[in-house]
Amino acid sequence: MRVELPIIVRSTEIDVNGHVNNAKYLEYLEWGREEWYEKANLSYQTFLDMGLQTVTVNININYRKEAFQGDQLIIYTQPQKLGRTSYTLFQQIINQHGNVVADAQVTSVTIDVKTRKGVPVPQELTKFF
Amino acid sequence: MRVELPIIVRSTEIDVNGHVNNAKYLEYLEWGREEWYEKANLSYQTFLDMGLQTVTVNININYRKEAFQGDQLIIYTQPQKLGRTSYTLFQQIINQHGNVVADAQVTSVTIDVKTRKGVPVPQELTKFF
Amino acid sequence: MRVELPIIVRSTEIDVNGHVNNAKYLEYLEWGREEWYEKANLSYQTFLDMGLQTVTVNININYRKEAFQGDQLIIYTQPQKLGRTSYTLFQQIINQHGNVVADAQVTSVTIDVKTRKGVPVPQELTKFF
Amino acid sequence: MRVELPIIVRSTEIDVNGHVNNAKYLEYLEWGREEWYEKANLSYQTFLDMGLQTVTVNININYRKEAFQGDQLIIYTQPQKLGRTSYTLFQQIINQHGNVVADAQVTSVTIDVKTRKGVPVPQELTKFF
């Protein structure tokens, strides 16, 4: 399941170099993942009801093109890799010219809300991989 | 009670015009108020224990000078005006040259956590005015 | 000329209290003003070509309702008041239920790019008031 | 050359989950790198004078511990790996208890300001590796 979220680059997201700041991309990616979880019917509350929480443990991002104020970006999010207690989503940010602005692998683990230890990724999530 | 909080302007706080963005100043002011409440022994939890919460209802800010990366700013916060269910803090941001970068009046109301209605400002807070 | 800009509240715009942070609203307002200037054909470059720049000197904002993740907000921007070297835009943020989340008066001055002194607001801008 | 930058976690850097948001760490890292370049006497202008610019192409960050409001963090930055036209800085964020909050490898390339193509890392920078 590949989910897309369109956004427009706003003035306050531009840094002194005239382009979107490298940290801002991680916000864009988070917005994209929120959209993915929503489409997957996996809200924060749904995980809590299973006694689980997901925690981001690694983000590996490639910056490929600059983005500018007014750019129309699409953030794509899709499942990539499944471990026992971890899973990786692949995300791409594409601009209005079809260029890849950035891509990233975002790895999370599922933990038990009480013990705070890693537990197997639940079937509600593994089914998408 | 006038409380000061020194900060240094960081790269990601600068916008495309090469100076601190107007919205960022409101973050600086919030950091300054947090410092004031801490010095006043009035934490979020302390208010909750009284069944109260404070809600910002108005900010009136004057932008007087630009601020730049590396600037050493001091955020001053002090009580200014007391109403029945509201109170106003006066804040100033001063740079390393002694210039006023911005000043603001920040008005909050105290509300009952349950009814969400305005209630008289508690004595723990009025004593500073 | 009243211009509207629709936005959706994103996860990273929510603070520890579970609602949009007070500083974030000033970013929303700036996005709205950018939209207004664009519709008015008054880009940053257009002002520069006249030897002018606009500088925000005061923002007076009322916080009226909380905003939450996923809220569909519209930022309205319109001319309000005209001085000799200054002008005030009135802005409102309305949520999907028709409630006013915040409103603000934003006052700017037009300055000469070289002398950095205030100069009369140009006719290209006064005609909207 | 290992450079350290102490910071304090501020209220507006905390997200709805009560801890520092994952994107904010990339701002902290940028602040740390700015400090490193300054200590290395390699300002943005110094690179420009050589006809060069540095561009971040990859950030690989591990999130290891949560950080909270008021935490006293130190951001450590040091050279790690040198390529022909690229170089990698290693960064760590350590909290007041001595725990690693996050660590990251940040890879940049040096480009010619005019051609925008990768060029060999200059000796002014390679000498630190």
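Observations
Going in written order, the chains are labelled A, B, C and D, and every chain counts its residues from 1.
Just so we're on the same page, a contact is a pair of C-beta atoms (placed from the backbone, for glycine too) under 8 Å apart; a residue touches a chain by one contact, two chains touch by 3 or more.
Keep in mind the model is a prediction, meaning the values are calculated, not measured.
Looking at B-C alongside C-D, one finds more C-beta pairs in contact between the chains of B-C. Greatest Cα centroid separation from chain D: this falls to C. Look at where the CA atoms of chain C average out and do the same for chain D: the two points lie 34 Å apart.
Put simply, the C-alpha centre of chain B and that of chain C have 22 angstrom between them.
In chain B, the residues touching two or more other chains are 11-12, 21, 23, 27, 30, 69. Of all the residues in chain B, the ones that touch chain A in their complex are 11-12, 14-16, 18, 21, 23, 69. Within the complex, the chain B residues that touch chain D are 10-12, 27, 30-31, 34, 69.
Across the interface of their complex, chain B is touched by residues 21-24, 26-27, 30, 55-64 of chain C.
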